[in-house]
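For reference, the structures are reproduced in the following blocks.
Both complexes below contain chain A, partnered by chain B and then by chain C.
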Partner chain A sequence: MTLHKHWKGIALFLLPVGVMYVTFFIYPLGYVFVVSLTDFRGFGSMEFVGLANFRRIFEMTNFQFGLRNNLIWALSLGFGQVALAAVVAMILARKPPFWRFLRTAYFLPNVISQVAIAMLWYTIYRENFGLLNTALRAIGLDHLALNWLGNLSTALPAVILQQLLYIGYFMIILLAGVMSIPRSLYESAEIDGANVFQQEVFITIPMVKSIAVVAMTLAMAFGIRHFEATFLLTGGGPANRTMTLGILLHRNLHAANYGRASAISAVLIIVGALIIGLTRHLLTTRSAIEDVKQ
Partner chain B sequence: MSGHVTAMNPRERALLAGRRTPQAVLAKAAKWSVLALFLIVTLFPLLWLLLQTFKTNAEFVMNPLALPSGFYYQNYLDAVRISGLPRLLMNSVIVSSASTAINMLICSMGAFVFAREKFKGQQLIVTIILAGVLVPIIALMLPYYRIIRGLGLFDSLAGLTLVYVAINIPISTFLLQGFMKSIPFEMEEAGVIDGCNFWQRYWLIVLPLSKLGIVTAGTFVFLFSWNEFVYALLLTASFTTRTLQLGIRDFQGQFFTNYTGMYAAITLSIIPSVIVYVFFHERIISGLTSGALKT
Partner chain C sequence: MKKLSIFTIALVVLALLVPAVFAGGGAEEPDEIVLEFPTFWVGQDSKADMVEYLVNEFNEMHAGEIRVEIQPMPDTDGYRSTINTRMSAGDPPDVFVFQPDPTTFGFYGAEGVLMDFSDELSGEWGNRFSGGTIEQMTIDGETKSIPYEVGVTPIWYNQRLFDQAGVDSFPETFDEAVAAFEALKDAGITPTSQMTGGANAWTSMLWYSHIIGSIGGPDAWDRPLSHPQYEQAAEMLLGLYSDGNTTSDAVGGDADVSGGHYLAERTAIFINGPWYIGRIAGDAPEVHEATRLAAAPAVDGGHHGHQVAFPQSNLAAAHTDDPERRAAVVEFMKWMTEPENVAMITEDAGPLFSINYDIDPGVDPLLQEFVRVQNEAPFTITHFEGAFPVAVVQEFGTAIEMMVAGGASPAEFVEILQDAMD
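Right after this comes the complex of A and B.
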């Protein structure tokens, strides 16, 4: 109705957000892919080098570890963290006593900066005066106390765990989904003799699938873009065992290896898109088949 | 009476007795174990940190698990003196407030157009903007660095603010346009009849009705900007532009072996986020909830 009358207003209102979005999303994405094909070092001329940067980084040990660890991060958060969050969401959706308090409490760490959380976990994991080792020694398990962040086999699990256990963000998202399921479905299942466990498996899980896929997508995106805790706790060590592409990108940027840094960015973006796209594809296809069966 | 009870099958009897079958008891124990475990994981480290700040450093080194013997507030005085906390706090307040205000202004204008007008290509533009949520922002370190340097804004709070405004465009647009869509059109039509122009429809009618949506989206932007680390690290260099999160990273070097002093500084750095959460947790939860249900 008012289609043409307001075109000036519409254009004017979209201008600021449009300029910002093009400058900080579209142009940078293009920039990264173009520069990844050059030997740019920040000044002077740019020479086109084809896929040389990509060939080079895939040969680098720290990149191989980084890529592997980013995948581990994405899968741990996408499946592990979301699964834990789903269990808690299913419990809270039945509104046990104090459920509102619990919901608020579980989310609290998510508003605290990752930097502060990482510092907190440093005080837990550190070898001397660390909370974990002190507690282990106090109960006589001295032999289990070790340098959690410096050990080759425990460093990565330790860093992932300090983020994975804070389920609040995904718990809230999933709780919203579970609570939107009509109560009548559970009531009729109860009358049919289904116990709580069966109700969760056969009603809740299929009904929240689409929201769970959203949560998993976000969790994987968080895993791909992980930076802070690793940067502060281990810096990618020991011996690259906790290396991530973000840390490597930051290093190459500081060394003014702009071509190589951009190639790492490009891999980060492509791998992120692939893993998210693949998960969504696999999970939604299966649910479509189930829908047909029903 | 007893005859009546025995006439029921075991399941009905269990229901009547408050479901005290062995399985039900087990399920209940499992349920509360899970809830308690996550409560401990969530709160215990924070409480432990808080308790250490009341100890002297010697007390802490002797036994990190013991309760404080008194209230040793000197740690907090040390924390403020050694870390330069007031400056860090001020920089963070400036950047976070400015980012939130500017982001809310430009995104509410965009969201108003997306939610209340129809035009060609609208759906495509909205989809492109919302897809920004999934872009791994850290992959854009190099272009952001080059853009901010190119604008002459390197090592300035303005440069950092500009980046935070931009990064939050997708999430704010998503929350605000969703909220604005839920406002009845009748309100706006009445305004149009009274002679409101395009700007007045936005400023006098839709924006005041979107207060709750603005608070929700604004809380997300503020907390993001307050807690952001990567771009603060990349785009600033001097102490005068250092934000709180960068400051925390330096605590280790500043406090050296004064552990309890450092813990006090970390505690002080966490307090503002907790205060925001205490006041706005309803908004945060509703923002995440509406986000989940709309997708």
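Right after this comes the complex of A and C.
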């Protein structure tokens, strides 16, 4: 093994990013793990408490709900949202009427603040004068009108649904992939008698698989770190049913319980890395890796 | 050229001397005690004008002896951190606004930092204050901050809706309340506004605090969560969520839901502080006109008439061994807590104070009601949020939701809170 002849130049170019990465990511990450082993309350000394914070959070009901819900969020976005985005991308790739307008329309919510979107859904879900209940009552389905965000059974699905529908970001990624597939492949399949469904299953899906894995990884990362919409719509309630680790982390920071907050962060980082690593391991085939390399 | 240079030098010397000569006009006179008073009650703060007026009046009355100098610090967060830093360094300002919270109360234990007013307050001066408020600010027998601005949160009820339901007066006991609630429901009116959402389930947290006060009296919060009063109060709170006694969106609802129902006359009973008067007067003038205030119904054999009032701003001073300086500080504190003086601030800007006083009958009738219920209260207790750590308060709404959903008994409600204490 010999050093690259331009190694000094390469190192010089990598140095600024490397320094920033270590300073603003590796060091804070290490600090989070260190603080998670202490009882730090924001002032005074840090007493080492070993794994006490971790033992405590795993006993807490709200943490258990938070961990469960974060997994549900990751799977819902990773599989549900990306699947929906893929379907829409495949339809738009066939360039139906107004496809350019539809592409923009689907992407538009991604440039709107999450706070504004959450407030919009609050007006849809609220029990009194909410759009959903008003519509249900208007068509005689009064018995279905619920306190959607206050009901133990409906709160989590309601919050996830409002997020699931905003597929624009992944739709754009997948659409770019689908549109880059050579048209000749579809023309050949059509000559061989393949219908539209078969063309999508046997040409489109294998060809965009590597891009879909990237999209799913991103979606699961968004799911694992989910915070804003739930915080604004339910605050983690009712009775912890929509709790997420992000909200719990926020609460512990607000209570100046930095040791416990750091332990929650550490779990969030570890669980996130595990889920994403496992997903990529299960879904990424050698050919897909090769595709990306090529 | 030479003439010009001399002239220039003379001008420069004059320019340097003139401000120095005039600046001498503000210098303290011999033996005059100057007290620095950094405060955020300046600029756009509603109390700014009246506080400045009172300080000027005090300075005029004590000209040549005591002078209080306001140091404007309009940023409240910056003020808080500055004061905390100065207290940490053992050098607080001569007189300042003490924002009561667990951090600032932590400085009570620091030797030689804050002035202890317990001797002076044990005399006639202490009688000015609302029942229980001095005790709330006293730790280990030392009163190192004086209760001042206070948030009073009595029960609000809509007299017109009560009349519609044939209920003559606000119930004084929970047994009477049950009968009144039934009458209201028969008239198609939901009795109470409640909420479990927000950071602290505000409306329900205040109801719980009123009930705890009725069961436990002025020292109710001194009892640990293992005391049966907490479970008993939880059972009564559950009753307020049952049998249609509140709206179905109370679970998960926030202050907008709770207040919105009251403003829209969908509910007849609500709880909040005087800061909500502007909202109700602007958004629902007819409800504002129909609103009366009362003490919460008493539990069987419990206390009645008390109010839930929590300190918002206290007054404090730096410890000093100089008796004359100490006397000057006490004199200023007595002036700022004169019933007539705080009445002027209330009439001008609306805040309430933990002092017994009357206000001009010409001001907003609801504000007068606030002063009346506060003066009539035999004692006040702080709210649940002021009595327990943030971590416990954060779980309060969740605990109600669990109880209302049938997932927790009142005893388990308390266990959830106890669990959060660890």
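Here, the second predicted complex is superposed on the first by the 261 of 294 C-alpha atoms of A that agree within 3 Å, B and C clash if a C-alpha of one lies under 4 Å from a C-alpha of the other, contacts with A are read in each partner's own complex, and residues count from 1 in each chain.
Throughout what follows, a residue touches a chain if its C-beta (ideal position, glycine included) is under 8 Å from a C-beta of that chain, and two chains touch if they have at least 3 such contacts.
Here the structure is a predicted model, which is why all the values come from computation and not from measurement.
Superposition model on chain A: chain B and chain C are shown accommodated side by side without a clash. By the touch criterion defined above, A:V196 reaches chain B but does not reach chain C. Shared-chain residue A:A256: touches chain C; no touch with chain B.
Contacts of A:T284 after superposition: neither chain B nor chain C is touched.
In the superposed pair of complexes, A:Y21 makes contact with chain B only, with no contact to chain C. Partner contacting the larger number of chain A residues, of chain B and chain C: B. Touch criterion met: A:N62 reaches chain C, while chain B stays clear of it. When the shared chain is aligned, chain B comes close enough to touch A:Y166, but chain C does not. When the two structures are aligned on the shared chain, A:N147 is found in touch with chain C, with no touch to chain B.
Remark: in the superposition on chain A the angle formed at chain A by the CA centres of chain B and chain C amounts to 80 degrees, rounded in steps of 10. Once you line the two complexes up on chain A, you'll see the smallest CA to CA distance from chain B to chain C is 6 Å.
In the superposition on chain A, no residue of chain A contacts both chain B and chain C. On the chain A side of its complex with chain B, the touching residues are 2-3, 6-10, 13-14, 16-18, 20-21, 23-25, 27-29, 31-32, 35, 84, 87-88, 91-92, 96, 102-109, 111-116, 119-121, 123-124, 129-131, 134-135, 138, 165-169, 172-177, 180, 193, 195-197, 210-211, 214-215, 217-218, 221, 224-225, 227-228, 232, 246, 249-250, 253, 258, 261-262, 265-266, 268-269, 272-273, 276.
Listed in rising order, the residues of chain A touching chain C in the complex are 56, 60-62, 126-128, 147, 149-152, 155, 234-240, 251-252, 254-257.
Chain contact summary for the complex, chain C toward chain A: residues 196-199, 247-253, 257, 389-391, 394-395, 397-398, 401-402, 405, 407, 416, 419, 422. Against chain A, in their complex, chain B makes its touches with residues 11, 23, 27, 31-32, 34-35, 38-39, 41-43, 45-46, 48-49, 52, 60-61, 63-65, 105-107, 109-110, 112-113, 117-119, 125, 128-129, 132-147, 163, 165-167, 169, 173, 198-199, 202, 223, 226-227, 229-230, 234, 244-245, 248-249, 251-252, 259, 263, 266, 269-270, 273-274, 276-277, 281, 284-285, 288-293, 295.
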